[in-house]
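Chain nomenclature is as follows: A, B, C, D and E, assigned in order of appearance, with residue numbering initiated at 1 for each chain independently.
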Amino acid sequence: QTKFEFWYGLSGDLSERIQEMCGTFNQSQADYEIVCVSQETYENNLQNTIAAFRADKQPTVTQISDGGTLDLMLSGAYVPVRQLMEENGYDIKWDDYFSGIASYYSTSSGELLSMPFNSSTAMFYYNSDALKAVGFEGAPQTWEQVEKIARDLKAAGYDCPVAFDPTGTWQWFEQFSAAHNQPIASNGNGFGGLDAVVQFNQGKFVDQLTWIKKMYDEGLFVAKSKAIGETANDAFVNAKCQMSSSSIADHGTFGKQAIEGMLWDVTMLPLWEGTERTNTLVGGASLWTLKGSTPDQYKGAAAFYAFLATPKQAEWWSTVTGYIPVTNSGFKAMTDKGFYSAAPYKGRELAIQSLTATPPTEYTRGVRLGNFGAIRLEVANAMQEVLFNNVPVQQALDAAAERSNAVLRKFEATYPGQTLP
Amino acid sequence: MERRAFYQNPVLPWLLLAPQLLLVLVFFYWPTSQALFWAFTLEQPWGGGNTWAGFNNFLYIFGDGRYWATVARSAFYAIAVSAISMCLALTLAMFVDRALKGTRMFQSVFVWPYAIAAPAAGVAFRFIFAPEAGLIGAVNEMWPGIWNPATNGFHALGMVIVCHAWLGIGYNFIFFLAALQMLPKSLSEAGAMDGARPYRRMLDIQLPLIAPTVFFLLIMNLISSFTDSFGLIDVMTEGGPINATEVMVYKLYVDGFKGLDYSGAAAQSIVLMLLVIALTFVQFRWVEKRVHYN
Amino acid sequence: MTAITLSGVKKRYLKNPVVHGVDVTIESGEFVVILGPSGCGKSTLLRMIAGLEDITEGTIAIGDTVVNKLEPRERGCAMVFQNYALYPHMSVAQNIGYALKVAGMPRAQRDAKVMSVAKSVGLDPYLTRKPGELSGGQRQRVAMARAMVREPKVFLFDEPFSNLDAKLRVAMRAEVRNLHRSLGVTSVFVTHDQTEAMTLADRLIIMNQGIVEQVGKPSEVYHRPASLFVADFIGSPAMNLIKGQFDAIGNFLHGRGGMLHLPGAASIAAGRDVTLGVRPEAVRRVEAGTRGAIAAVVDYIEELGAARLVYADTDGNRIVLVDERTDALGTGMPIHFTLGENDLHLFDNADGKRIEMRADHRVPSLLNA
Amino acid sequence: MTAITLSGVKKRYLKNPVVHGVDVTIESGEFVVILGPSGCGKSTLLRMIAGLEDITEGTIAIGDTVVNKLEPRERGCAMVFQNYALYPHMSVAQNIGYALKVAGMPRAQRDAKVMSVAKSVGLDPYLTRKPGELSGGQRQRVAMARAMVREPKVFLFDEPFSNLDAKLRVAMRAEVRNLHRSLGVTSVFVTHDQTEAMTLADRLIIMNQGIVEQVGKPSEVYHRPASLFVADFIGSPAMNLIKGQFDAIGNFLHGRGGMLHLPGAASIAAGRDVTLGVRPEAVRRVEAGTRGAIAAVVDYIEELGAARLVYADTDGNRIVLVDERTDALGTGMPIHFTLGENDLHLFDNADGKRIEMRADHRVPSLLNA
Amino acid sequence: MIERSPLFDFITYATMILGMFLVLVPFWITIVAGSQNLQEVSQVPLNLWPSGHLVENIQTAWTRSDLGPKMINSLIVAVGVTTGKIILAALSAFAIVFFNFRARMICFWLIFITLMLPLEVRIVPTYSIAANALLPFQTILDVFGITGLIETLSGVRIGLEWNLLNSYTGLILPLVATATGTFLYRQFFMTIPDELVEASKMDGSGPIRFFLDVLLPLSRTNMLALATIMFVSSWNQYLWPLLITTDRKNFGTVVMQLKALIPAQNGTPDWNVTMAGALIIMLPPLLVVALMQRWFVRGLISRDK
């Protein structure tokens, strides 16, 4: 029996699901034993994977989130998934994968480098009871509506109309930009080369942050985060906050954690009136096979991927979490079964709708920037500067942009002469 | 006093020293040289290779306003922590030195903070200072929003400083008390005969005479607040909000391990090392000087 | 005006009594030395006068004021400590002037005063030095200057010379004596060195285990020790002390059948266990056959240069004598000696007290039976 | 067999010479004391014999073997250290037996030996105690037992009594002397205490600044000091030393016009700068008008009990005399004294060496001009 | 104590009590909060009296952070560091103090300098050494061409490797390497009188016997002191284990777990569980210090002066 390791960046309920999945895999066959190790967060996992790789103690498979994709691509530390599957005799229908998802993890020539696994996008959650209580039926579609509802809620005595995670750049910044077809960086969000510069300090995000600030100052948005002692998700499931933006991945968890009798629902990210929805970005993570394992371990990894790709397994995964199916056929099969037509899974199809709203534009293919984690930190800082320290929006974003560009330049210099694969 | 009774043996001392020297070489000198190397190159995070960068890494951090902000913050942090902790410890030591009945019990208790892991104290203080919890947070009941270290940088920094100062009380107390007790009792008595009251004696006689200890502790506290702050900050604030509690050692960790900028972090390490060495050096010069009393 | 009166002064540490009740009056202007073995309570007594220790019982008065409740600074005493207790971080001038500074004397006046005191003890060239840069004797002088500058009513010294080497000690002794002569301030000086005590004191207070054994002039103490303890403690080599008993007719029986005849003593000491004391220098070596000569056998000899000490055995008692002769003398050889009747001391073993012998007790002279 | 021969022994620390070339032979069975002021190189010399210090130059032989290259344990010396150097964590028995244990002696035999040695110094009741639980004198005895147990050919002592109090010191002196008498082992004893040295030594080696000033019996050293240094160093109170010059007819001119007449000295010392020495006990107080009496004025007096020291000024020179009279005497009073001609010492100021005076140099007696 | 006025005594006690209050408050709060249930601990203001749920909170914290194995790990590390340090430090200090060899002072400084730079400031490069502790030697071999030479001669390529990540060795060795112990021993050895060395020389024992028979028995209290200091400091290590253990499950230590105990990582703000966890984590070193106070105070002081 061959043992190999799989490191992942999820914790809590989602981590338990992964352990369950690993158990099923180990039960399903006798040749391999997968050891699944939680590293708590995506950032931590990337960090520890790198450390372990430098020490030659890396796992065979690691889960890297969307933001870390470019870091992996240039690392020279991986075995492309397509090659891996071919060499181990698995025939995967690669074109069955949602094109948006596949292209995020592929080279420009279309070679898929990592195994799509848990894909998501950002959504808007709301407490239907509360909204009803102030006379709003259905799902909020525009930020104008959100503002009005928030005011009404406040007036009706709700302390926290909208939970705002000031470190939540993914949903509040990246996905907002995608939905409104706003550039995050030049060169098509970096797909065009390592010399991209960020552009988030221009365009709609500036207005969006200005608006968020206004809402925050009026107490309509309330900051909720780990540092504050209560995350936005917790505040939402505990019905303390009535609206929140988070990954579709949390749909399953919310279902479990929402307090007794609370009615809630999910919808696509709101838009500003008068704007056209473009597709949102693929979130979540993919599985990378790292160099340095034995052929047997690679066989095991391949078997594991194949196992994940089985319709039964994919369906289970999408059921117990909120992650969307990653193949067309999978999605079709589930839709056909009526999976999405009733509670508690109703609404999740909207995520796919959001992801596929339009064909990807230059700015909605994804983000391919080096050391993107550091850039996210800069934006998160800027958001907090604006909210907590009353720094003017433009000034905060300009500063963040300048620092982000420095990060990009340093990244470029660290990989001199390299081009995007 | 120089020792004059020695053993002579060409091999034995080297055998005895070998394990320690090996460890020091492997875990100290090698990494330090490595850091130097990285500081002058751009190291790829995945270890794929590096390119020579000259002084660019240093120029980069020195040209970075946020780095300087961190330096200034570290300095403030260090001074505040040292000052608070040392003043408290000195006051306690002064009174304990009077050796009234029952002092032993107090003396034992004052040492306790030394035993506590910084992160453990961090957790406790985080609760004490949590805005939503029932201790300091209670002020928010009266004046909502007045206290919130999660969003207010000053609150956060203050909270960490208080915790770090608390942690240092034990160590400082031990040294102050020892120093005070080592002073000949007759000096205080002579002061009393000369007509000086306790406070006056403290200022005129005890403090100047334990100046070497004060100075020693100052340096140790400064070094400790440059270095030991890591666990505390990681548990209490993770450097936030908005870097308000990011001190040098935390920044180099964040930049290196989270920001994957090994070279920048190495350059920061070198700067921090030089700083600590400089402090230690000052300390040694002083130690040499103080030998002059008797 | 500034006599010191100790009445029933006792000191206990916790339950532990270390001074058992001292009644002494120290006259104004007198130089009194407290002498006693280590741990007998000398320092404790001195420090009670200074105000550095509580007085457990009794009263101490300086001049007309009972000072029991006063802080040290209010008693008008100055003290010179055993290790000088100079402030090591202050210059000589600062050390001397510190008390004045604390008292709030203006700078100019203070400097003048420091200067004049420093001059008087010859310290003026060293005013800017730190104590660490001074020799032992100079430090000693700083300590004295520091005491003098406040013009105290009383000087207290706690073994001020014990850290000095032998030569310097002799020199400093002279300085303290001169100081006292010129200032005339009541002084109390503690020491366990008898030479120091004898040479300095107007009067000695001999202490032992918290009790005052004798108070008196040095010569008095030497020549008429009030107790066995004092007799043994004062003088070097120590007084020969021989235990024995007087019979009814004045024969003193001691050791293995030794006998001395001292008829007069019969009336004051017959039948009591007593100790007969005689100083080594009062034991005179004589030729065999001299009247009253007592025989002994040499145990060993210590050569001192100027003289030699002969340790000899007489009827099982060890006797030491100072012998200035230079004839060959060795272990086992017989010698003879006489005891001067005026040099005899008698003590009652029961309480250790001296038994006074009047002239008529002594005559006729001693005889070895 | 176990004489110790030092030939041209020198010691330098780095470039710093501390022993300048010592040639001495210590006879077999002799008890030799090395005496000198602190820092003169006494310990260094002793430690070179023990093998604890390298010998920079010269040779040391113990018995017939040159030991320069031998390890301490091979030299057959045992040493008693100043602070005893007992192993604080071992019991008395273990301390005494440690050397035997290291030498591999079987347990039973070792125990027997330790027991017998311990008995001989009266330590047998304390064998299981730790050094910390012993009195100073008992510790001292353990140190000696530890040295004795190895049956060494040579005993070395480095100020073994300096941590003891005065009384104990005298007692330990007697013990060491007895030890030496009974074992007869060649012993070298270092001290800076002259009483100790005088009373213990068969022969004294007086050292000063790395140089041997005099080797001789205690009385020889006292009565015929070979140099100014020895004259000043030995004896307490120290010898009166008066600088001056002899003229051609033997007048000794000193101080502010003082003059003594010593015709015989003219032949040996005329015209040279010399120092005339006389011990305080050889200065005899006489009535005014006595033949040869010299006048002086009393500076001050120190009362010693048995006698008093009178410090007086004669023509600008300070002279000390031991006065056994008891008449009233005070500062400023005139006294007269004579000098015994046999007690005079003469030294050449140039090299500090003694100028030997034969009987005919001294007669006729001194006169104050 | 010179001024004996009751007022001054009162001030003294008052200050000491205030100080004690200051020092004890965090402990008290930890105990109080750790013994309350979720509802009690969420009260504002907090009830400052302990309640009865301590055991159950400890159980919750224990299982939630998997403290059982972590405690064992912490203990292994603390004991490992302590013993390693006591032994190595004694040996090296012995060599430095009692042997006269040319490089004595150089060795002393080589070791001593490491005191100045705590692990935290050189953390990044030290991490890389943990990946392969033999890297320096490999590099030396490479640089001097020895690797190549051997490869051409024997065809075998030397690849020295010793990975310390996720291992007790990795957790322990770098902490053993620091110079505190050597320095403490040195300070103590310097106080051993020369005569003791000489006496043992005269008694015929060589350096090893002297070390075993005399020095070690005399160092007992210093060993206790060092042991206390080392136990506390290695138990309390945070950053190093954090970095070197990617496998937290098997090699994590308790102190690392503290962060995971803080609410907002786990949903409800159950500070009571957090505090109960913190309490058990801070207890072992506190007990050691309280019990060994005498020794360790002495050790601390002689270490740094």
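Please note the rule applied: a contact is a pair of C-beta atoms (placed from the backbone, for glycine too) under 8 Å apart; a residue touches a chain by one contact, two chains touch by 3 or more.
Here the structure is a predicted model, which is why all the values come from computation and not from measurement.
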Labels of chains that are neighbours to chain C and to chain E: B, D
Required steps from chain A to chain B (each step between touching chains, minimum): 1
Two chains joined by the most C-beta pairs in contact, as defined above: B-E
Centre distance in Å when chain B and chain C are each reduced to the mean of their C-alpha atoms: 56
Interchain centroid distance [CA atoms averaged], chain A/chain D, Å: 95
Rounded Å distance between chain B and chain E, as computed from the means of their C-alpha atoms: 16
Set of chain C residues in contact with two or more other chains: 51-52, 71-72
Touching two or more other chains - residues of chain B: 5, 130, 132-133, 189, 192, 197, 257
Interface hub residues of chain E, defined as touching at least two other chains: 2-3, 128, 195, 198, 201, 243, 269
In the complex with chain E, residue positions of chain D that touch it: 47, 50-52, 71-73, 77-79, 81-90, 98-99, 102-103, 146, 150
Chain A residues touching chain B - in the complex, by the definition given at the top: 43, 47, 50-51, 53-54, 71, 75-77, 223, 225, 227-230, 371, 373-374, 377, 381, 384-385, 387-389, 403, 406-407, 410, 413-416
Touching residues (chain side chain B, partner chain C) in the complex: 184, 186-187, 189-197, 200, 204-205, 208-209, 211, 292-294
Complex contacts: residues of chain E adjacent to chain D: 193, 195-196, 198-205, 209, 213-214, 217-218
Residues of chain C that touch chain D when the two form their complex: 38, 166, 173-174, 177, 194-195, 198-199, 218-219, 222-223, 234-236, 279, 281, 300, 302-307, 309, 326
